Every structure is written in C-alpha cells, then in structure tokens.
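Next, two complexes with subunit A in common: one pairs it with subunit B, the other with subunit C.
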Partner chain A sequence: MTEDPAPRASAAGSRRRSPWGRGSSRQLLALPTFGWTLLFFVAPLSILLLYSFGQMNLITFDVNFGWTLDNYRQLNQSLYVHTVVRSVLLSLGATLGCLVIGYPVAYTLSKQQGRIQTLLLIGVMIPFWTSFVVRTYAWVNLLQNGGPVENVLHALHLSHGSLNVLYSPTAVWIGILYSYLPLMILPLFVSLERIDPGLTHAASDLGASGLRAFRRVTLPLSMPGVIAGCILVGVPATGEYVIPSILGGGKTLMYGNVIADQFFQVGDYPFGAALAMTMMAVVTLFLVVARSGLSRVEDVT
Partner chain B sequence: MLRRLPSMVSAFTVLVFVFLYLPIVVVVINSVNADKFLVSWGGFTTKWYAKALNDERIRTDFITSAKVAVASSLISVAIAVAASLWARNARVWSRRALDATTYMRIVLPEVVLATALFIFIRRLHFQLGVTAIVIGHVVFNSAYATVVIQARLATLPISLEEAATDLGASPRRVFQRVTFPLLAPAILVAVLLTLSFSFDDVVSSLFLGGTNAETLPVLLLGLIRISVTPEVNAIAVGVMLITLITFACAAVVATVRGSIGVRSTPQAPDVEE
Partner chain C sequence: MSTTAGQSRPPAIALEQLERHYGELTAVAGIDLAIADGEFFSLIGPSGCGKTTTLRIVAGLETPSSGRVSVRGQDVTDVPAFKRPVNTVFQHYALFPHLNVFENIAFGLKERKVSRGDTRRRVTEMLELVGLTGREKARPKQLSGGQQQRVALARSLVLEPAVLLLDEPLGALDLKLRKQMQMVLKEIQREVGITFVYVTHDQEEAFSMSDRVAIMHKGKIEQIGDPVDTYRRPQTLFVADFVGASNRFEARVVERLGSGSYRADMGTLGTLDVPGVAGLAVGDQAVAVVRPEAIRTAPGFGDAVLDGTVTDVSFMGPQTQYVVDAGGLGTAAMLSPADDDDLLHSGAAQQFRFAARSAWLVAADPGPVDDAQ
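Here is the complex of A and B:
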C-alpha cells in the first residue's frame, strides 16, 4: 500500500469546510449504523447476558430473572466440558493446519505478477461461491469407506483396509480446514505482498542463505498477516455449527451444536444463554491473546 | 508459469488448489450421476436438475433466500457508506467507537449473535421470519461492507470533493457527482460480498427464520441430514452458475465503467443547481 500523506493533511486542514455539511446534520450519517448496532447487537447481547443468570420454569416456560449462577454451574458437567475442550482443540488444530498449508500458497501468490496473480487470487476465492453446505456434503462422498480418498491412499500404499474417518473428529477437522483455508490465505497474501523485495535482496547480498533470509526477514514481516489469518479462521471455527452437523454425524459435536440444541430441542433458554456467553468469553480470551501478539509484532516491525 | 520459486513450493501450491477444487468437482459430477446413493458412477442423467426445478419448496426457498440477500445487502451497504463518510471527518474517539463496533460484529461467533437475536425477538413478541433474518444478516454484513468501503475511502483524496464544494455544489450534488462515482468500485465489491454471505448463511437463517421462513441453505442442510439427496448437488451447481454469471457481469460492468470513469473524473462537476 502506498502511504500518501497529502490526503490526510488536507482532511485535517479542511475540517471546517467539509463538503458533508456542518455540525449536527452531518452526525446523522452515523445514526443508522450506531442505531442498528445498539438495537440489534448490544441490546440482544445484554438480554442474553440477563437470561444466562435467569431460570426457566419448566412447566410454564416462563423465564424468571433471579440472579442465579446455576446455569454456569451446570457447565461443569463432563458432557459440556468435553465439548468445549473438543471445540477449542479442533479450532486450534484447524487454524494451525490452515497456517501451515496456506503460507506456502500465499507466498507463491505474492511472487506472481499481473494477470496470473489476479487469476490465482480469484481461484482461491471461487470455492466461496459454491454452496457451503453442499461443499461440506461433498466431503461425505470423498471420505466415506470405499470413497475416492480411500482409493487414492490404497493406490499409494499409504493405508490398508477401511479409512473409517467419516463422522469422526478428523473428518470435522478436514472440513473446517477446507472451508476456512481461503480466509487464511488472503490476509497472508496481503502482508507478504507488502514486503519490499529489496529487503530480502539486501539480506542475500549480505550473505544470508535463501532459507535464512526467509526466516529472519520475510517471516517476521509477515506476522501481522499470520495473526489476522489466525483470528479470521480460529474465531468462527470455534463456533462452527454446520460442519460438525454434516461431517460429525451427530457423534462429534462442537460447541455451536450444543448451544443450538438447547434452543431447538431442549428449550432451556437460560442454559443456552449461559453456554453462548461462555463461548463469547472463550473467543474474547483468544482475541486478547492474538491482539497482544499483534501489538508486539507491530512494535518490532 | 510460476516464477522464481523453489519447485517444492510450487508443486505444493498446485496440490492445494487440487484440494480446494476437489469437493466442487465431486458436486458437479454427482449432479449428473444417475446412481441415487451416489456411491459409484451410475451413468449420466439430468433428472436431479429436473427434480430440483420442479420442486415447489426449493423454488420458494430460493426466492426467500434471494429476497433476504438483496434486502440485507442493500441496507448493509447503504448504512456502511453513510457511516464511512461520517467517520472520515469524525473525531478520533468516535471513529474508534465505529471501528470497535465493526470489529466486534465481525468476530462475534455467529451462533452467539443468532441466539441473542432469537431471544430478543421472542421476548419482544416480534415474529421470526424474513424480516428477522434480514435484521440478523445486516448486523454482520454491514460490518464487512464498512471495512470494504472505508478501505477505499482511505485512498481517496478529499480535495476533489472540496473543489466541488468551493465551486458551489451542494452536499447532495457533491455526493452524486464526485463521491459516489469514486466509491462505485468499492460499493460494487461490498454488494457482491454481502449478497454472497447472506445467500450462503445457515446459522442466522436457521435461528431467525422460525417456522415462517426457510432459506435455501437451511433446506439443503435439512435434506442432507435426513438421507442421501442427489438433487442438492444440482441445486448447488445451479446456484454456483447464477453466482458466477452475476460476478462475471459485475466484472464486465466494472471494467467498462472503470475505463469511462478514468476519463470523466477530472472533469469539473456541473455546478449549476
């Protein structure tokens, strides 16, 4: 990106005679977004928080707002603890997988030029435009016993007998990895593309080997992309609902499925709310760690 | 073709592209596979397409999805443009407030947002249905649109709009003749992005549709869970074709407009009111 100081300077200097009217009438432009966010984001989340401390009358299905921690205590049951741990591990595993697979691809893309680069970028995006549900469903076909993946592995003598992967955590992991890979590649590409090739040339001129130049120059400079990619993959993957319902076959459930079940099958809204609030806490923790990593990276670069 | 790279990295990239397209190839093949259990190749057929096209429920759900996508996309982009224009001249702390809410709307897991809106709507005795789905989609879609439009706005010099103002154009005219044409590519990207997010969404649509409205992805998920249903592949291929054609048209329009736009931008806007 080119940092052009001119527009910023003129924007600051011309605040008085902005083309966008003056004073309060201009403030109206902010109203729709803040109004929508307040009404349909902040308010619902506040009610969710209230519900999570409430109690459901199982006969009348009314919700009483006592300040009880029972819903959160219920989380201690091994079923829920297992699900939370499994979701976090699957999400971390998929994020790591995306990073390892996505980095070389993003690196290759960043070294291309012009039309080829554009075509490859579109190539990364196109899978997004096929129905997410049906793409995930295709993996059922690919992974089933006697399916194409098993045949290829047999032909390469990498495995014998049945694959037995479908409806297991591995299948869910593959599904998440597959679906979120483009979300890792794109931010990595942006950060790698921005690196001045002169820096790696300088490193090799000063005697660094290709690998060393990569490790000491390219990799540290691409860290903002790494962290952005990890956030874009890790956060939605933790709350994933569709992939485990298709590839987990009702056995490998994730956090999102347990929350949905509370609303659609059990009908215990306060407990569902407590589950949802806990997920928010888990994700916030993840974000705080990622962001502190990001600020440390930005200090260095 | 791939330049200046260790051959291992290039080969790996090719493998990853195979990985990315493998399921799509499976979907396309199975959409014309006559074997109804989809375990092996049973010959070529177009009956799944016929079945999908003649299914009343599939048609209704497709129209519902399209309505939701168009409505949520237009609302999202409109409020995102307004907010981005406001943010450009806003004070630092209010701009930060916008950035923070935008970021939060993007990173909050969708299940949490959907459950929160579900309880909110039930509590206030509003109805679940198309309107509720649109409300939910706008919450995250407007955030994505804001990111896209702010990114474009950051690269545009404000001097063109100032010049128009100095020449006596009203704010509305400045927007019509200067700002909007300059923002058009970003608006197009934001519209396409939000359309496809909305059209493909499952979780919010599932929670907020209730029994009144069902979108296509929700129907597909339901069909898949019950049994092997080959027509879902035909539906997916159909939707993919519609999407690709829309995007191709948009790309053509953007190139044509872009090549005209480059020449017309420096012209002084018409100052007469």
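Here is the complex of A and C:
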C-alpha cells in the first residue's frame, strides 16, 4: 500500500501524454484480432509445418512425427515440378491477360464522369453477385464442342471443326482470366483516376503527343495500380483450385489440386503439408518482390 | 517600347474573332487581339470572364468554336497543342510527380530529341536562371510552392517558346511569396525576352508586371492599354471598378470642352470641368470616377468639396482608408498616407476635397450598377 502513489503518478503522467490512456491498455484492443490470428492461422500453419516434416505409414495410416526431409525430396518428382511450373505459367498468363484486357477498360472508366462512371463500375462488379462456382460451370457450356463460343467462331469464319478447348490448360486460363478480371480493373481504375488530368495537358503542352504523353506520364503514374492488380490476380490464381477442377476436367492439374488430392484422395497428410508449405514459400517470395516494387513506385506518387 | 516592335514583325500572338461556346454558355464572345513580340501582356478580369479559356485556346488545349489563332504570323488554329510553339505554366504547376526536378525540366527537350549533353547544359542554365541550382535530384513534392512554381517556369522556358502562357501562376502562393515571385517573373521575362501572356484576376499583380493589360468581361475585351492609362482613363464603368476601388458621383454633361474634357453638372458638388472618355454628348448621364487616393482633407485643396462624416477607419500600414458618409452623394472611400499628421477618427465631420481634373467621366452603366459578372 505504501508503494501505491508512485505507479499511480506515473500512470497519470502517461495519461496526460496520450488521450487514449496508457500504451499497454491501448494495445489490449488488438487482443481479439491477435487471438483470432493465433488460433485460426498461426496454430494450423504450425501444425501443417509439423506434418510436413513427419512421415506417414501408408498401410496403417499412422502419422509419425519426426524430422525428415523426405517429403520435400519427393517434390523433385517430375509430376510435381511440372505442376508447379504449370501453375506459375497459368497464373502469369492469366495475370498478363487481365492486365492487357483490364488496362483499357480501367482507362476508359477513369475518363468517364458521374453517373456513367458509377454505372460502368457496377457493371464491372456485378459478376461478383453471382456464385463463382456457378459462373465457372457456365464456361463449361460456353466452351464445349458445339457450344456458343464454337458457333460464334464458325460464323465469323475464324475456325472450323471442333473447338476442343474444354478440359485443357486454355480453358483453365480463360476461366481464371474471366474470374479475376475485376480484381485487376479496380486497382488500375483507382490509380488512373488519381492522376491529375492537368499532367496530361502539361505533357502535351511540352510537346508530347497523346501516345507519348501516355507512355511518359500516365503509364508510369499508374504503376501502383498495375502492381496491386498483379498481386491481387497473380497470388490467388497460383493456388487456384476450383477453376482447374471444373474447366481442366481433372487433366489440367494446378498446384492447389495436387495438394487437395494428397489430403482427400491419397490421405498422405505429411506430403500434402510439404506441398502446401512449398507453395506458400513460392507465393510469399512473389509477394515480397511485388511489394518492394510497389513501395518504390508509391514513394513517387 | 516593346509595343512598337510589333509593327515591323508579325505579332507574337494574333487572335481574330475568337469565340468559344459550351452549349448555351458563351465563354469567349469574339476577341480580336494582337500581342507584340517580347511584350509582357496580361489578361485580367473576374472569374468566369473567359480569360483562362482564351489562354487555353492559344495553348491548343481548348478548341475555339470559331475564329483564328496565329503565332508569329502562322495560323495555328488547327495545330495540336504538342506541335505549337507556345508553352504554358499552369495554375497548379502540373509538375510530373514521378520525375525529379532535372527530368521535369528536360521533359520537353527529350520530346525534341535534344542530345544528352545539350539537355544537361540547357537544364543547368535554366536551374541557374530560376535559382534552383543544386535541387536537380529533388522530387516536386519535396519542394515548396514557390520552388515548384520556378520548376514549372523553367520547364516551359527551356523550350524557348515564341510565347509563354501563364495561367494564374501565383494563385496558390501566399502574399509575400507572390510579391517576390512577381519580381522574379518580371526579371526573367526581361532577361529571356520571350513574350509572356499572363492571366490573373488580380489587377495589382498584372499592373506591376505588364507592359499592357486587357480587361475582359463576359467573354469580351473591354479595354486594352498600358496599366497607367487603364487605371487613370478607364473606358467603361466596369473597367473603372475592376482596376481599383473607385468613388462614383453622378454627373450630367452640360458642355463639351474639347481635348477630352467636359463641363459636368454634379449636383451638390457644383459644375466642374472633368476629363472623360471620348464620345459623351451634351445631356448624357455620366459617372465621375474619383480614386480614393485623390481625395484629401487639406484646406484649399482641389476644386470639389463634399461634406461628410467618417464612418470607418482602417489602418493598413502604408496607408489609412476612411469610409465617408457624404450625405446625398452616397458613401465615399478615401486613402491617405499613414504618416498623415492628424489621423481622422470615426464620427469626425469634415470637408473632403478633390481636384476636378483627377476625376474621370465615363458613360453611366445602362444595366444594374453592380452587375460585375
């Protein structure tokens, strides 16, 4: 009791410094989020990591927790290497496709005003209101032989014979491109809309024609949007599971499907865990690189 | 004088019957204007008078509805902005945020494919001219408003345009910096000898820098002239009001005296001989404009006397402004030097005097008196 006044005084002192009270009590506010993350993210991830170093007896289905790197060595098998390569290529291809298609759309959107702009933006987002799985199944109908896409291409004399696209990497690519396009358009739109139109006028005043002004001013200033869009599309697309299952017809496997197979079909949890950890590492690496690029271009604008 | 140079060479800028309509709205309602080479020319007027639109048409950033624009005798009406030999300093500078000071200034040179060495030399010269040597690597957002302004200026001047257009370039700066930049601009203009066309709503700013000014009103030019002439001999009531505070006294022309003077019946002020605009006829209703600084209290000064009561005193430093209730003549404003021995006090009844030759007669406004827009 005799020591009481001192801490009280210091508490009052720090209260004066901060309207929120003492630092530690403010930090308490973060506790629920912290607890949630710990319980549902860090803990499962740790278990997964633990599994990835364990071993499975394929006859008894007993998991043997040890410290073996066997699971990671298995990744060398060409099946898995090919899957990683295919996932990354499909993801890169879809990201590039989204960028090429999305940029002009975002650019046009940013040049509109008022209600027209709002309507067009809603148009970009409307697909989100329908189930993603349903929309992906719709592509089965569109792409199948004798389907609408084939009919249109025939009518335009752009192809003849069967389309033979469904259940191929191309179908998966189209599916990813379609589903992730809004995730590319929106950040691009935001960054383009933020550019002062006066800058384009200034560029033109200084002798840069429309295209030159775009290349030297608009494009570099929209880089934060380009990188953000590529992260939003590229990262989840690498781990895409639903689209390859539906449009790849079980033939065109991506990394997500292989992981799911290990858990649900084979039941080799340790190997599945090793696959999952590897993918996380790949994606994290991609993110780190992209983020450093983002902070560099954002420093400017 | 620079204005006489225009007679031997084609004008730096010539506008003929220039018009710009936005639907029902008329921004520019027929402008004819010739600006001489090397001139510092200002377009002034209240906001919405069409001055910025006119400037943007000259820059090529806006298309005229009709009329022609020529630069140094060459018709550029259909030439796109990026090919015109004019450059603009924008109101909010419009510096490229992703480029540093050097790259901003070199932007236009790169479009012209100027060699690396030449670019470095010319940019360095410009940095010196605007006093930013050593800040090459800074990004625009690391610079103060005044410094950004100088980069914008350098970025345009480095291209050695036939004409430099400035759209309220000092509007975003505080008063002290504005005054300082006015001096800088004037100095630079003299040094480089490039024609400056300056747009502002601040007549004082325009007067302090320009060789000539044009006062715009409702899309038309009301008057063109040198600052002194515009201030002392405004052609319309609008111009008289816009270029400075003015007292108005009703007058009726009773006789034309020749050499630009009229004998006018000014009610309780008596009949005075006052100079004025050409073309007033006997019997015309007119307005005598008297500048606040022309009114004094010294006994025996001038030939017009009005009795009034001081209703407000504002000490402004170099000068003191009084508001005077002059009974049937309305309210009048008076400016006197701050070192005036006996400062008047609010409520003081006094005789206020001015010389009839310091007044100026213009035709009475046909419309409502305060129709400034």
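Everything that follows uses one rule, which is that the second predicted complex is superposed on the first by the 268 of 301 C-alpha atoms of A that agree within 3 Å, B and C clash if a C-alpha of one lies under 4 Å from a C-alpha of the other, contacts with A are read in each partner's own complex, and residues count from 1 in each chain.
Heads up, the rule we're going with is that a residue touches a chain if its C-beta (ideal position, glycine included) is under 8 Å from a C-beta of that chain, and two chains touch if they have at least 3 such contacts.
Computed from a predicted model, the values in this text were never measured in an experiment.
K.L.:
Putting subunit B and subunit C on the same copy of subunit A, do they fit or clash?
P.N.:
By the criteria stated at the top, subunit C and subunit B fit after superposition, with no clash.
K.L.:
Going by the contact rule set out at the top, does A:H201 touch subunit B (first), subunit C (second), both, or neither?
P.N.:
In the superposed model, A:H201 contacts subunit C only, not subunit B.
K.L.:
Just checking: does A:S209 make contact with subunit B only, subunit C only, both, or neither of them? Give me first, second, both or neither.
P.N.:
It touches subunit C, and subunit B stays clear.
K.L.:
For A:V217, using the defined touch cut-off, is the partner it touches subunit B, subunit C, both, or neither? Pick first, second, both or neither.
P.N.:
The second partner, subunit C, only.
K.L.:
Can A:W36 be said to touch subunit B (first), subunit C (second), both, or neither?
P.N.:
first
K.L.:
Contact-wise, after the overlay, does A:G66 reach subunit B, subunit C, both or neither (first, second, both, neither)?
P.N.:
So A:G66 meets neither subunit B nor subunit C here.
K.L.:
After superposition on the shared chain, which partner residues are touched by A:G267: those of subunit B (first), subunit C (second), both, or neither?
P.N.:
After superposition on chain A, A:G267 lies in contact with neither partner.
K.L.:
Can A:Y51 be said to touch subunit B (first), subunit C (second), both, or neither?
P.N.:
Touch status of A:Y51: first partner only.
K.L.:
Could you let me know whether more residues of subunit A are touched by subunit B or by subunit C?
P.N.:
Per-residue touch count on subunit A favours B.
K.L.:
After the superposition, pull out the minimum Cα separation from subunit B to subunit C in whole angstrom, please.
P.N.:
Here the least C-alpha separation of subunit B and subunit C stands at 13 Å.
K.L.:
Same subunit A residues contacting subunit B and subunit C, which ones?
P.N.:
On subunit A, the subunit B and subunit C contacts do not overlap at all.
K.L.:
Within their complex, state which residues of subunit B touch subunit A.
P.N.:
Against subunit A, subunit B makes touches at 1-6, 9-10, 12-13, 16-17, 19-24, 26-27, 30, 38-39, 78-80, 82-83, 85-90, 94, 97-98, 101, 104-105, 107-113, 115-120, 123, 135-136, 138-139, 142, 146, 155-159, 161-162, 164-166, 169, 171, 174, 178-179, 196, 200, 202-203, 206-207, 216-217, 220-221, 224-225, 232-233, 235-236, 239-240, 243-244, 247.
K.L.:
Considering the complex alone, what residue numbers of subunit C touch subunit A?
P.N.:
Residues of subunit C touching subunit A: 59-61, 80-83, 87-88, 90, 92, 94-98, 107-108, 111-112, 139, 155-156, 159.
K.L.:
Touching residues of subunit A toward subunit B in the complex: what are they?
P.N.:
4, 6-7, 10-11, 14-15, 17-21, 26-27, 29-34, 36-37, 40-41, 43-45, 47-48, 51, 101-102, 104-105, 107-109, 111-113, 116, 123-124, 126-139, 141-142, 144, 146, 148, 178, 181-182, 210, 231, 235-236, 238-239, 241-242, 245-246, 255-256, 259-260, 263, 269, 272-273, 276-277, 279-280, 283, 287
K.L.:
Tell me, which parts of subunit A touch subunit C in their complex?
P.N.:
Listed in rising order, the residues of subunit A that touch subunit C are 196, 198-199, 201-209, 212-213, 216-217, 220-221, 297, 300-301.
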